[in-house]
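See the structures that follow.
Two complexes come next, and they have one chain in common, chain A, joined by chain B in the first and chain C in the second.
And now, the complex of A and B:
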């Protein structure tokens, strides 16, 4: 303790001395001569230089994205869930309609244990296998449906936003479609085309793309008359090029936000529809089917109901948080 | 300088621009007549909302005109013209925008922004020629070649405005409409931009329509000045003529309001306030009359006599 004080006092002394030394070294005004100065030329090029490193849009997006620890955790979580749901079913050979163990009382209603991690159900099937097979279907539906919707929505919305003729027609179509409850359309379409994976995707995307397209139309219209687009027009740039080069790049973060909202919403939508008994065929496992099938066991064998719900919640929440973070990161205002 | 010696590049006749229709109709610009000669810098000055920018944009075809003619190089360019003609004219008339940060595409590199016009008009034979042209232009406006692949937000305001100038002038335009190109810029770099415009006028013979509200800037840069108020041109003369012998009361009031960087002189000066009701146009409406050679004033016969008498 004492030694440290000694050192600090010594340092202070030294500091004072250098200060005094500097005070003494100030040259008297009368002693200054022209030799003390040197002519420095202005380097015009140096003036124009930019000190920062080169900016790259996607590089900054990635840098920004990985800043948050929660996001990284969610990313790891979703990667694990994805790997499990796309690889595990290949080995488990889970079959929803397999009832071979129904008479094996030892295999029925096992509480989660070392052999059956998530327990077993009334048919003696492992819930662990069921959940990953179900998650695979649910995630596939969510991803495929939102890709279709965003693809069509962005293309149609971009044309819709810049073409007045197209706008007039599309607005009428939009008014008609958006006033019919989408659930009704989906149920009618599912009954008309029959149950099935692709039929369900068709039913879900058949009309709902128009909502995304309308959203994109508004966004394009906001950007359309900005000054930089007027500038492009005076340079003779065609409308098509303005949309592709000037407007859509600005909308990247908006599109990412929209995807991050539609993807989880499609997954929960599928769950909701399966719960109602609409959509997928009887032999296709999905999280929605598991939840609806096990809902009577909510009190007797709670793990059967709550584990699929938990996995569903983890999928939607992590996708949502990753999407939000990605859309924040893809907004260049957050870049340095 | 005599008008007859100069070749007219752009001529505006009885221009009227209206926004909206029916009850909400608003006449932004009316009775505008002026000629711009080849190779000159012609300035439009006026307070905000007087229609300066509207005229500039009408020349570029951004704002539609409701009446009158805009004649460029002997051809009418407003109203209905074919797509092909419009395409040709768009290259020859370029614009420099007021706000350099709003008028550049933030998601494109400087390389693309400057080349945009070259792509649209196939002005470069191949990739090498395009790069060479862009590099040359970049050097002309004082930017560095290594900045080609940077984005607009990395530049300072003055540098951005120079990018805006580069993309307009790489098209080899005949006329450039500079819409308050320096009002969004820092004082210290305004002169740099003005000198750049002067340089292009001298080296490439570009004609400028310079829109501004700062009279000292206008005096520095322009050959002729038109004073505009509430959509009408009130006075048009050569720069020194206008500053030495302002005729219209509005011009006088504008000139009396130029800030003087000397408090003693500024205190003594009397500000002249213009009242638009001072004119008596009940018996005879005003027209654009040539009071002195090359010096036009918006007045009626009585006023013209009065102004002429005052000058002698």
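And now, the complex of A and C:
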């Protein structure tokens, strides 16, 4: 009904317009000479221009991203945390095994004050230094492990999504691995590979990439059979080019979403493994180690326990919210 | 469908086998075997006597299947048996070495001497494949009336009889079997018990030294409790013996007191303990946590989807986002703090023990809460997707109220992924249990895994990996089959991938 009304209105307008033209033409007919006209050549460049504003993908992502005030707050927060954890340890020279102040009773168990912002522990070490040194390890492990599994996962997933032969083999492997809790795999692997920073990263990434790859496979498969790709294939585009140019750019927001979920989860894994005493070597500070070391002080010196927990929670929550916002912003559907 | 299920079960078994084998190979090749003594206090005590230390270490390796070990006594006995009539002893001499070495070479052993006494002993390193073979070969043990071979008891009767035993009542009683009671009934879940098939996952070492891994994981814990046995004719006995576990014992090892009581050769038995086993503890907490998770998540997701974009939905989304982002460690500690401060619940399991209801509340509730956020996001998304579907539009155009549509149409369709999510939740619970049980010091499987790793108890680690993998694989299998039952449109046999 509505559409039909619209058409009749448009017809009426058109009718009015023709009346006006006819009126004009009656009045001015006799005064026109050849001098009133100039020859215009066709400008090919001008022809190509489109009358709308220019669209830049990443520009729109940024514009969309900064719309939310919560996100900007979280971004500032994470930048501060990152700067603190990567610069502060350079100056503090914090050493987990430093017990030089253990006999200095004045330095032990200070509640947070002007000198020791986060207080001191049983060894007289400043908790402020400890937290940033620990955060550096935890964040580094999370970031490196996420980058590795996303890198491998996207590449393998892209091949997996288009190759039938590869699919058959990989599905079997995936079925075996996905049945086992990932935490169990990580614990057992980090036990088998021994303690150490890179050993832990290897244990974490050794099998986890297959989950990301499977997720990417499903996404690639969904996009693969869309009309535009069928059309592209009919026109003779190679599979490689379809994946690289037609599919993967579309999946940017999906990949960002996945990163925003894996990054906090890897930080959680690291924290939990260090909490158990599996994974990192004894002399490497990490948030998990601090939390496990200070958990007996939960009621007697609560700041020792709750401050590392708070910093840990702030890191993962801000990373998660920024990631979610970024993945929303990187979805072209929100750019309208 | 039947064919599909058959192949799925077959694949599941292959999957369990693969994971266990890889774990076995990884652990036994990458971890140096001397690491098992890192936490062992006996090593320090034996350090003054190098002979005893060596004997202790080799016995331990032997138990863990690293190598075969023959000490002087058994080496000499073996050599004598192989070559009857030769004079041989463990003392160091050219003659003895010749005889012992001959036997050793034939059987792949290497003859060595103790550092102090210089007496001979022999070891044989077991290659990995042979250890794997032994592991799987001994995995399932079936008890038959021909199981016991005792040279000193040639007249042992061999039978299986259904009869009323004075200790356990009606039971399938065996003689010549390893266990006396093959099938018996009692009041504990699942009421019918059997001793015919046993799993053997190796021997635990160095913690729980000498016990079998299955005993450690599935045996009851805590202090022994005495029970009253009514033997008829007014005779009652108070005993903490678990008579159901009576096993055959040779005359040399026989406990005289037990023999007096039971009057047969089945005198080796366990005790009744008050607390549930590691499996039992984890299982109890896990089942209730699963219930709690679903009881909270489903109504919450239902109302969030029902009032999408309204205040409840927005608050709910905010809470769920924080819960997902926060590391489980911080989550557990925060809730433990709230629970112990506000409700006065014990913040550690052993404070009141397994017998008290209070000690179960916090770990179980927290374990359940851990998986709520994931479930809520999933169900809410699915219900919102259903809102856009044609049948909902049709129902609405027919004039059904929103309440009817949600309760009768959307919820029913959304219950398919609820079923589908159950295996995922169970796998998630295993991970969650590892963390919760550690923080609450709860004596379950989840706590045992890191404990076993830290004490280098390799056989228990492999046993736990085996059990966890079986649980994971079975739950995925059952989840798929359940889903096909709930939703007749789902056809498992066809490939739904592309």
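Operating definition for what follows: the second predicted complex is superposed on the first by the 285 of 336 C-alpha atoms of A that agree within 3 Å, B and C clash if a C-alpha of one lies under 4 Å from a C-alpha of the other, contacts with A are read in each partner's own complex, and residues count from 1 in each chain.
By definition in this document, a contact is a pair of C-beta atoms (placed from the backbone, for glycine too) under 8 Å apart; a residue touches a chain by one contact, two chains touch by 3 or more.
Just so it is clear, the model here is predicted, and its values are computed rather than measured.
K.L.:
Since both structures carry chain A, what do chain B and chain C do when superposed there: clash or fit?
P.N.:
fit
K.L.:
Compare chain B and chain C by how many residues of chain A each one touches, and report the one with more.
P.N.:
Partner touching more chain A residues in the overlay: C.
K.L.:
So, does A:298 touch the first partner chain B, the second partner chain C, both, or neither?
P.N.:
In the superposition, A:298 contacts chain C only.
K.L.:
Does chain B (first) or chain C (second) touch A:234, or do both, or does neither?
P.N.:
In the superposition, A:234 contacts chain B only.
K.L.:
Return first, second, both or neither, reflecting whether A:43 touches chain B, chain C, both chains, or no partner chain.
P.N.:
neither
K.L.:
So in the superposed three-chain picture, is A:332 touching just chain B, just chain C, both, or none of them (first/second/both/neither)?
P.N.:
first
K.L.:
According to the stated criteria, A:35 is in contact with first (chain B), second (chain C), both, or neither; which is it?
P.N.:
So A:35 meets neither chain B nor chain C here.
K.L.:
First (chain B), second (chain C), both or neither: which does A:182 touch?
P.N.:
Second partner only.
K.L.:
With the superposition applied, I'd like the minimum CA-CA separation between chain B and chain C in Å.
P.N.:
Between chain B and chain C, the minimum C-alpha distance equals 12 Å.
K.L.:
Would you pull the chain B residues touching chain A in the complex into a rising list?
P.N.:
For chain B paired with chain A, touching residues are 60, 62, 87, 90-91, 93-95, 97, 99, 102-108, 112, 116-117, 120-121, 142-144, 147, 149-151, 153-155, 159, 164, 167-168, 171.
K.L.:
Could you pull out which chain A residues touch chain C in their complex?
P.N.:
Within the complex, chain A touches chain C at residues 167, 171, 175-176, 178-184, 187-189, 191-194, 221, 225, 264, 267-268, 271-272, 275-278, 288, 291, 295, 298, 305, 309, 312-313, 316-317, 319-321, 324.
K.L.:
Name, in rising order, each residue of chain C that touches chain A in their complex.
P.N.:
Going by the criterion above, the answer is residues 11-12, 14-15, 18-19, 23, 26-27, 30-31, 321-322, 324-330, 333-334, 337, 427-428, 430-431, 434-435, 438, 449-450, 453-454, 461, 465, 468-469, 472-473, 476, 497-498.
K.L.:
Can you list the residues on chain A that touch chain B in the complex?
P.N.:
Per the stated touch rule, the residues are 44-45, 48-50, 52, 54-55, 57, 226-228, 230-238, 241, 245-246, 249-250, 332.
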